[in-house]
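Structure in structure tokens, see below.
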Amino acid sequence: MLAISDPAAARTAQGDAANAALVDVRNVTLQYKTSSLLVTATDDVSFTVDQSDRFVLLGPSGCGKSTLLKAIGGYMKPTVGSIAVNGRPVSRPGADRMMVFQEFDQLLPWKTVLHNVMFPLLATRRLPRKEAEERARHYIDKVKLTRAVDSYPHTLSGGMKQRVAIARGMAMQPDVLLMDEPFAALDALTRRQMQDELLQLWDETRFTVIFVTHSIAEAIKISNRILLLSPHPGRVKAEVRNVDSIKADHAEAGALEKRIHDLLFSETIEEPGHVQR
Amino acid sequence: MSSVEFVMADEAGGGRGGHISQVERKLGAWELLWRVGAVRKTLIILVLAGAWQLYATYLNNPLLFPTLTDTLEALYRRTMDGTLPARMWTTLQILVSGYVIGTLLAAVLTVLAINTRIGTDFLETMTAMFNPLPAISLLPLALIWFGLGPASLVFVLIHSVLWAVALNTHTGFTSVSQTLRMVGANYGLRGLPYVTKILIPAAFPSILTGLKIGWAFAWRTLIAAELVFGVSSGQGGLGWFIFENRNLLRIPDVFAGLLTVIIIGLIVENVIFQTIERNTIARWGMKG
Amino acid sequence: KTDISITRQPGILYLASHVMETQDLIEKHAAKAGLDGVTVEWRMFSGGGAQTDALLAGQVDVVNTGTGNLLLLWDRTNGNVKGITASSAQPALLVSVNPDIKSLEDFGADDRIAVPTVGVSTQAILLQMAAAEMFGEDQIRHFDPMTVQMGHPDALAALSNSQHEVRNHFSSPPFQYIALKNGAHQVASSRDIIGGPLTQATFFTTVSFADGNPVIVQAIRDATEEAIDFINEDIEGALQMYKDISGDQTPLEDLIGIMQQPHMMDFIMKPQGTMRFAEHLHKIGTLTKMPESWTDYYLPASADLDGN
Amino acid sequence: MLAISDPAAARTAQGDAANAALVDVRNVTLQYKTSSLLVTATDDVSFTVDQSDRFVLLGPSGCGKSTLLKAIGGYMKPTVGSIAVNGRPVSRPGADRMMVFQEFDQLLPWKTVLHNVMFPLLATRRLPRKEAEERARHYIDKVKLTRAVDSYPHTLSGGMKQRVAIARGMAMQPDVLLMDEPFAALDALTRRQMQDELLQLWDETRFTVIFVTHSIAEAIKISNRILLLSPHPGRVKAEVRNVDSIKADHAEAGALEKRIHDLLFSETIEEPGHVQR
Amino acid sequence: MSSVEFVMADEAGGGRGGHISQVERKLGAWELLWRVGAVRKTLIILVLAGAWQLYATYLNNPLLFPTLTDTLEALYRRTMDGTLPARMWTTLQILVSGYVIGTLLAAVLTVLAINTRIGTDFLETMTAMFNPLPAISLLPLALIWFGLGPASLVFVLIHSVLWAVALNTHTGFTSVSQTLRMVGANYGLRGLPYVTKILIPAAFPSILTGLKIGWAFAWRTLIAAELVFGVSSGQGGLGWFIFENRNLLRIPDVFAGLLTVIIIGLIVENVIFQTIERNTIARWGMKG
């Protein structure tokens, strides 16, 4: 049962509390305008992410997960509803919300791996050059790309590119880390290593992360809260809380995985797509 | 700590308003119109026109820079007496043939360049050599090869269009993503079908820019070339019209000619090129 | 005003100005008239149009170019541009390499005559005047369809190329003599058409400049006079000055040979044939008003030149 | 134990047999030349794929799986070794080997979903327009994109794009279907549906597929043979055969998964990357 | 059927030869050189030179089209007597300043265009209007504003460079992938830093093409414009040199002037632009 049944009252009440919602997504509808069509990606989605949450968005392909993440990132404005981060409404992208995109072409092709990771640190003047390089090398080591540190992106494999993007996002140590299927292109071991790195990092710095993934097992492993979305247009189906309370127990995790799976795919999958023009 | 908790959406607060009547709907006609930007562009043109009028009035040197109203008056007069339309027609005919041939040659050259290494070198070398050459340098050869007719003008036009279009097209081709190239190769496309079915659409933004620049330079060259080349009396085009009136110091008529060039430029840009753009790269999401 | 700029075109028709430049004649005559420290900047332009633009824009003070340009500017500015003095009146020749063409009557519809500018150049106007004479006023544009526009060097090259469709060239010194030397023959001359010499180069300026700088205007006249005297006395020396300034590598003897052609020494300060020219231009509508006499478009100070 | 210990002899022997190797990769070394560097992606890899095999390439990120697939597709030439398909050496790409790439930008942006799927059918003159459209629609239905059939690629989500590419590859019904992590961007249910579609289609037409995946479970589910590659540069570690013999039994599948996992990641993962220039 | 079978690689046949000594090694110097293509390009130039010589010899009309040897002789003579270098220097000075200013203005215009919608409309309208206009139309304004000095030439040059560069740059900017734009925005880059750190490198292939075309057109325009603005006391540039020698019927010198233009074009293309290309888009994998 949701603790908060009246969101407005709750926000006011929590506003001065220490654990105020860091990200507050309220009745958000997101639409794309194409040259002659209006596509609704998500419809009336509300949720809050608290400080140090590891929040996972889970839903079928095309349900609007990437779109939601982009809206939190400030790349698109909700048609209806509001999004606030740290109490301030999101109006534009910013380095407080670092995004790891789903696409492979998110690296700057004109910079080496090292400089790609250093770039946001320098561009936002967060660190001087020397420290930035140090920090960048540290995270490149973490994603196991030490030897590719001076390579240009076009010489990397798909999974390597994504790992650079992950390193870049993590190195910024943002208020909120937004990750769109960052581990999808990774093999089992690398994936587990990355997950472990993420969790270990979280243990150290308790940052907040919003994470899109397709793997229910991955969601259970890394999250403490999971938001389940219905197919096109994406609507909130349910939220799973205290996911981390079962981390250790394998059987329980299996049961949870099955339960989420059933919940998510109870109805036959709706075909996402567009009305013909 | 408590164990895993499920909160179903319909139990949760913030009820689904159902305020979205349709998941997808057509955009309104007005919204589409505003996007075309005709309104904003008209405004810019009006501002420029006003600036022209004011500056020319202030300058008060009609033999150097006439007012817009004088120019419009001349434009009207020379349109009504049939001179301008006739000159325009002559020019457009030559312009279009030179442009089309130049573009086709550019296509041939870039197809060769993209398919063979020596073709690339050839294109690069030729472009570097001939692109900077002024048209007059081609004059003697053009006169020998094509005589004094429009053929020589077309030749010079080709020279002006070819390199710009080829350069842009070639850059466009070489910037096509590796993945798309591989997709094309996968279907066994090679040579011309590969170029027309993969490279040209994929490089369309660059090609369109090349075509725009080529078009503009064809104009510039033609206007200039008509002065240099033999025009048989009375048959000249717009360039000749401008030159003739300049020689006769009928400056408002000169500017009427230039205004015609501008107007045609605006029409071509905003009707032809914009339409192409809207139906291609804009629709394909290739324009940011 | 002591820093003045004068423009001219390249070529032997402007020989007087080369002498004036080399010998600082304008400076000298201004100083003689009591105006010290005059400096003259001579600019070279490729054609008349740019020169008149420069004059209108106030970027140059005096222009040395063709009669047509003066008449036109005088007309368009309502008399605010006027001549100072003429400086040359050499003949322009129509030459041909087509043995069938011996006179203007022999031109058929398929023949092509190269002129520097279709319709507006002196050569094109001369053809119109000839047509009016030969075929009547309504046939004034008889030759116009046969004219093609070519720069003198290009036309010369065309004549030398037996495959070229242009076999005739209404030329200008020195190109006409090179063509004649290369085997072309003379078909007509500006002197025949106009019935005497026609002023080729003339100095002109704006009335406001003339009013503000009478000393300089007078100095230009005096300098022109002295330059022409010098040319008549020492043609070799004058040609050497031309060679030095223009960089022309033609051997001096050849240039002297050219100057020895009939009427090539016609450096005449009196405006020649300009009223006939103006009459024609008025007839075809180029001039909106007909000058009463040549003094209308020359400065009052030049009225003593006794032109026509 | 490999049945064939002398590859040359074996090939001659099998050459006239009905079940001759469809794809024969022999001592293949693949290298990339960058502007000043030579990168070895795979080293001395040999394997054969038979008619109707469902062959999976499994290995850590950056070990050269995509590169191997590209070499079979004819997009790059081996530095050493040879690749033959249907007995003929591979010299160039061709529609007999349809490739589903790992990248999201493999759709032609100027064609709608329908026309993207129809395009290879028409370009290779395999079918007339009407039949091509029919076939395309059929496969678009199979990947659950019926409603997006007239959309342009840039309006699709990551997973939807990949499904279009899958439909396009399948619609061509090629001799060999080469798929590079086609399901990586798909959610659990869609992924399972796609896997099922693939298997069902295989049941119908018994085509040959070479498949790159990161999921060992997926490999076990869809393949009959799995090639395990070592990290950078990729070398053959082992081959698993008769994988389909255990399809039904879940416990056995789990055991196999664990065994493969251990085999693949027995050594600590080598960091793929390049020598500094 | 039999159950799952594991075949370890070291048990299998086709032993690992270990014939790759290094996983990665530097490419040889020769291989790198051949890639530069200088050899192939030299070949093309030699072939063209041969064709020139043969055709001119066959034509045998030195007044129209001199042979290459005559031209080279003239080139040597006029270089030795200092004329050509001096003219070239004059021209290059103006060329470079016009080019640089034009490019900077193009940068300003495209930055405005990419950041505001009205900026886009402005750029599009101005380009459509002014790009086709021949330089002579600017003459009166240039005369009024800048007089007869080099400033006027620079002004006309700017006109010729600006639109081509702006058009290409703008197309390049708008074709930058949505993802890269979002990455830039993510780091809080806006306005100028966004343009310089994200858009310019990402659009570099298009920009480079624009710069090449702009360079070529600057040449063409300058050669033509030098005639219009004239010279004082023998200080003209290459354009005037060509005109002058044409007037004096020194045709080999005319072609020596044109050859100089070609040679400078080749040097700029193959030394400057190719170096830039090799160190940027080729290294970044942005060139196919």
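Things worth noting here:
Residue numbering begins at 1 within each chain, and the chains themselves are lettered A, B, C, D and E in the order written.
Here is the rule we go by: a contact is a pair of C-beta atoms (placed from the backbone, for glycine too) under 8 Å apart; a residue touches a chain by one contact, two chains touch by 3 or more.
What you see is a predicted model; the values in this text were computed from it and never measured.
Touching chain B and chain C together: E. Farthest from chain D, judged by the mean position of CA atoms in each chain, is C. Each chain gets a centre from the mean of its Cα atoms; for chain A and chain C, those two points are 82 Å apart. The distance from the centre of chain C to the centre of chain D, with each centre set as the mean of the Cα atoms, comes to 83 Å. Between the CA-based centres of chain A and chain B the separation comes to 43 Å, rounded to the whole angstrom. Rounded to whole angstrom units, the spacing between the C-alpha centres of chain C and chain E is 42. Residue positions of chain D touching 2 or more other chains, listed in rising order: 34, 37, 39, 103, 105, 152, 154-155, 274-275, 277. Counting only residues that touch two or more partner chains, chain C has 53, 57, 151, 157, 161. Chain B has residues 61, 64, 140, 143-144, 178, 246, 283, 285-286 in contact with two or more other chains.
Looking at which chains touch one another, you get A-B, A-D, A-E, B-C, B-D, B-E, C-E, D-E. Residues of chain A that touch chain B in their complex: 1-2, 4-7, 26-27, 29, 33-40, 43-44, 46, 80, 154, 232-233, 235-243, 245-246, 256, 259, 263, 274-275, 277.
Across the complex, chain B meets chain D through its residues 177, 179-180, 182-183, 185-190, 193, 197-198, 201-202, 204, 280, 283-286. Chain contact summary for the complex, chain D toward chain B: residues 70, 73-75, 92-95, 97-99, 101, 103, 105-106, 108-110, 119-120, 123-124, 152-155.
Here chain C touches chain E in the complex through residues 5, 7, 10-11, 41-47, 50-51, 53-54, 57, 59-60, 151-153, 156-157, 160-161, 178, 245-250, going by the rule given at the top. Chain contact summary for the complex, chain A toward chain D: residues 32, 34, 37, 39, 58-62, 64, 66-67, 102-105, 144-152, 155-160, 163, 181, 184-191, 193, 214-216, 261, 264-265, 269, 271-277.
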